[in-house]
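Shared between the two complexes below is chain A, which has chain B as its partner in the first and chain C in the second.
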Partner chain A sequence: MEFNSINFFLFFVAFFVIYHIFYKRCKIQNWILLIFSYLFYGIADLKMIPVIAVMTIMTYFLGLKIEDFVQKDDKKANRFAMFSAVLCLLPLLYFKYFNFFIDSFAQLFSALGFNTEISTFQILMPLGISFFTFRLVSYVLEINRRKMSAERDFVAFAAYVAFFPCIMAGPIDRPNKFLPQLKTVRKTDYSFLTEGVKMFVWGWFTKVCIADRMGEYVDAVFNNYQDYGALSIGIATLLYPLQMYADFSGYSNMAIGIGRLAGLEVAENFRRPFFAQNVAEYWRRWHISLTGWLTDYVFMPLNIKFRDLGNLGLILAVVINLVTVGFWHGANWTFGFFGLFHGLLFIPLILSGKMNKKTKITWLGGWLISPKNLLKMGLTYLLVATALLFFRSESMSAAFSTIAQCFTGLGSMCNVGGKKIFLFSLMILLAKDYLDEGKFKFSILKTEKPLWLDLQLIALIIFIVIFRGDAVKEFIYMQF
Partner chain B sequence: MEKSEILSQVTEIFRDVLDNEEIVLADTTTANDIEEWDSLSHIQLIVAIEKDFKIKFTSAEILSWKNVGEMIDNISKKLA
Partner chain C sequence: MKDFLVKVVVPVMAVVIGLLITVELIARNKSTDSYKIKSEYLEQHAEEIELLVLGPSGAGFGIKPDELDKKSFNCAGLMQSLLYDHHIFKKYFNRFRSLKYLVLDINFIGLHVNRICPGYDGESKIIHYSIHFDAPFYKKNFWDYKLKVQKNLLSLRKEEIPECDENGFLTFYPNGKDFKVEAANTANYYNEMVKRTPDSVYKDNLLLLEEILTICKSRGIKVIILTFPTVYISEFINPEYYSEMQQSLSDLQEKYDFVYENYTDSNLFELSDFYNANHLNPRGAVKLTRMLNDSIRKWEGR
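And now, the complex of A and B:
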């Protein structure tokens, strides 16, 4: 059930009415949240309900046990927390990577001359497993790090794990930030709720008017790259990061908006990534809830472990972290290469001491970005687009064939409809980001007017209704 | 070694590593309170503290600190 479908609208209206009838009765609201979250998940894939239910129950008890150890014996607590984290990760490893490991080993053995007759079987991956697993792992590790207490209220914990706006594709909320919200009266002040409506509409706009429309062009080129040359492939490569951004930030903004309408603050996921001046800054602005998670649980432990190796230790920690980011997206070497590519781009930044250095955009005359900053933004964008070409490809050989195809000549221009709509919509998106980045007084969708008098919002809704694509399309990150 | 002595020695290390003479540490200080204290300088601080006090922390110890006070307690425990 996509956020931009009629079915979801009806589902949400029912949830919203029932949920807010019980204002100030947190426990009942948590029950409603839990029931609707399981309903939402069950409608998508009923068979997978036992997976999330069993994992939730198991992690609830693991959390209590870890807390027990933390109070008595640090070493035992550490060992048990590691065991618990692995236990939480096992279903993800099985559903997402089992066939990949088997295939890779079979290929390795046959390359070495051994005859292998290992066969794999079809495994259906539960939707959203990459996202709710990370919520569970974060929970057990935070208790062990004494950053939070184990949750006693099972319903609140289960509602956190299955929270329907975020279960399919994030953002990945941290338990120590999200769970306390479920224990208190929900925010219902006017500006908090109306901001939620605006974020939802903005996400809906970038999804249906930019990502879906742009996707038609990008898919047409990449799925038939043999028919095109440098011109169309080049344009598709340059458009794909924008499509991803419009799609995934669209989903995230809709999730944050729905969360706000339930009186809950959901984690930020994007901060105008294409204004980044280098790749390290790009990762501080892109899919923030995932990179923050990996920084805390992969990068930091590795960096601490390798701390006596100096820059080499830092490079190792960064590269391993980014390869993990890559493989998190799926069991394919293309994702691993995508991560490695980014990891290698960090090396010059580490060696020059610029990795964590805050960059500042110079605004000429107060409103124009300086050419030097523009150049850095452009270079970062090109590097990101190149890495995403591998990310988008079905296999490494397909990625290299796509690149090779660019050297066959300019080729023809891919002709699909809707270009004017997505280009116009894209200008609105870029204008909004530009205004927000520059902290100008005027910002699209930040008026103080009541919703029904907010002309910008009304115009945007009318635009969406007229110019959205015909079919409801899945969000890209649902597959991860 | 008294905890107050450890705190003043650690403060000196912070000022040196983060290149900011105005840093004043208290038990409740966290990374949010000092602009230069990020994930990378955190590791540099740990390496410098370990070298200065001739001690070695475990990863679990480092990851469990919530503020400077907990770090000082940990150093004090190691020196005892």
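And now, the complex of A and C:
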């Protein structure tokens, strides 16, 4: 059930009404949240409900045990927390990476001249497993770090793990920020809820009017790259980051909006990534909840471990962290290369000491970005687009063939409709990001005046209904 | 909460729902009765039909039932896919007690695409609501298709929406200006659509066709598959698609023994027989229908 489908709309209206009838009765609201979350998950993937249910129950008890150890013995607590984290990760490793490991080993042995006849299983991956696993791992590690105590209320904990707006594609909420919200009266003030509607409608708009429309062009080119030349492939490569952004930030905004309408604050996931001046800043603005998670649990421990190696240690920590980011997306070397490519782009930043340096955009006359900043933004965008070409490809050989195809000539322009719509919608998205980045007084959907806001919402909804693509399309990140 | 509901939810929903209702009324008013006529005809006369025509617009404009000796009905429609043909055939199959001939239009991409193909807007374009949503695959996403139908109807000019006579024959299509340019555009559109369609669609369509052929064989209904007359399009269509379609039909023909006539670029037709590159006008339709009638007479030894 996609957020942008009528079925979801009906599902959400039912949830919203029942949920808010029990205002101030947190425990009942948690039950409702849990039931609707499992209903949502069951509709999408009924067979996999036992997976998430068992993992939730297991982690709940692991959390209690870790807390026990934390109070008695730090070393034991550390060891048990690590064991628990690995236990939480095992299903993810099995469902997502098992066949990949088998295939890779078979290829390696074949390359070494051994005769290997290993067959793989057909494994169906539970939807959202990458996202809810990271929540569970975060939970056990945070208890061990004494940032939170183990959750006693099982319903609240299970509702956190399966929280339906975020279960399929994030954002990955941290337990120490999210669980306390489930213990208190939910926010229902005007501006909080209105912000939820704004984010939902905005996410809906970017998804169906930009990402889906742009996707028709990008898919047509990348799926048949042999038929095109530099012109179409070049345009598709440049469009793909924008499609990803419109799609994934669209999903995230819708999830955050739905969360707010349930009176809950969900983690931020995007902060206008294409205004980044370098790749390091890009990662501070893109998929923030994942990069934040990996920074805390992968990069920081590695950085501490390698600190004696100086810059080399930092480079190693960054590269490993980004390769992990890559492989988190899926079991394919293209994702690994995507991460490695980004990791290598960090090296000049590390060596020049600019990795953590906050960049600032200079606004000429108070409203125009300086050419120097624009140049840096453009360069960063080109590098990101190049890396995403590998990310988008089915295999490394397909990625290189796509690049090679560009050298066969300019080729013809891909003839897919809907270009005017996504270009116009894209202008609206970029205008909003520009106005928000510059912290201008006015921006799209920025007002709180009811009449003005209502008019903007109505205009956007009508625009969506008229200009959306023909079919309800899955969000790109749901496959991860 | 109260402020939020009163100031945002209620006014926004009221205006949006009001607008959707208005659009629905406009769309219904603009929609022609062609599908209603077809739906009602099948409901009332399914038992009497001796020859049924199914398929996309090529057949809708190309077979004129009143030129045939048999009691015939044309149930083809604009970009009607095999899935929808299959649905109609299965829905009324038990009532087609007199059916002796099934004429099916398989065009260049008839086996390659269906409604799930991105950019395929045929069936949703003007199919009348009642018959359209009777099909289970449309019921599943009722509201999505409803909005799609509205959108497509609004984007069409009234004269672009064909009407039909009492026998289901589509009666009017705007005349083309430059057949060659239109053929190139149509072929490009077809090629792009096939490119973007999952391979599974082709197999699914073959299965649907086989099911129709199996039923007809078991009931002694003669199937006549036609690739309707076109001009210039074959020059621009991807030859792989064309030969793949030809090969599949030839394989099926061995198994099911149906009649297959390919009128692509046939010299039996002149440019004055066409509305545009891929649609016969009434003059061409009469010509083709009479040829079909003669064949039937021959098969029946008359």
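Just so it is clear, the second predicted complex is superposed on the first by the 477 of 480 C-alpha atoms of A that agree within 3 Å, B and C clash if a C-alpha of one lies under 4 Å from a C-alpha of the other, contacts with A are read in each partner's own complex, and residues count from 1 in each chain.
In the analysis below, a residue touches a chain if its C-beta (ideal position, glycine included) is under 8 Å from a C-beta of that chain, and two chains touch if they have at least 3 such contacts.
Because the structure is predicted, anything quoted here is derived from the model rather than measured.
Engineer: Now for A:N223: first (chain B), second (chain C), both, or neither, which partner does it touch?
Structural biologist: second
Engineer: For A:L314 in the superposed arrangement: first (chain B), second (chain C), both or neither?
Structural biologist: first
Engineer: Mind telling me which of the two, chain B or chain C, contacts the most residues of chain A?
Structural biologist: Partner with more touched residues of chain A: C.
Engineer: Which partner does A:T295 contact after superposing on A: first (chain B), second (chain C), both, neither?
Structural biologist: First partner only.
Engineer: Could you look at A:D454 and tell me whether it touches chain B, chain C, both or neither (first, second, both, neither)?
Structural biologist: A:D454 sits against chain C, while chain B stays out of touch.
Engineer: A:I304 in the overlay: touching chain B, chain C, both, or neither? Say first, second, both or neither.
Structural biologist: First partner only.
Engineer: On chain A, which stretch or stretches are contacted by chain B in one complex as well as by chain C in the other?
Structural biologist: No residue sits in both footprints.
Engineer: Would you mind writing out the residues of chain A in touch with chain C in their complex?
Structural biologist: Checking each residue of chain A against chain C gives 5-6, 20, 23, 188, 190, 193-194, 197, 216, 219-220, 223-224, 227, 415-417, 450, 453-454, 457-458, 461-462, 465-466, 469-472.
Engineer: Sort out for me which residues of chain C touch chain A in the complex.
Structural biologist: 1, 3-4, 7-9, 11-12, 15-16, 19-20, 116, 118-121, 124, 141-144, 147-148, 151, 188-189, 192, 195-196
Engineer: Okay, in this complex, where on chain A does chain B touch?
Structural biologist: Interface residues on chain A, with respect to chain B: 74, 78, 144-147, 295, 299-301, 303-305, 307-308, 314, 355-356.
Engineer: Along chain B, where are the residues that touch chain A in the complex?
Structural biologist: Checking each residue of chain B against chain A gives 38-41, 43, 46-47, 59-60, 62-64, 66.
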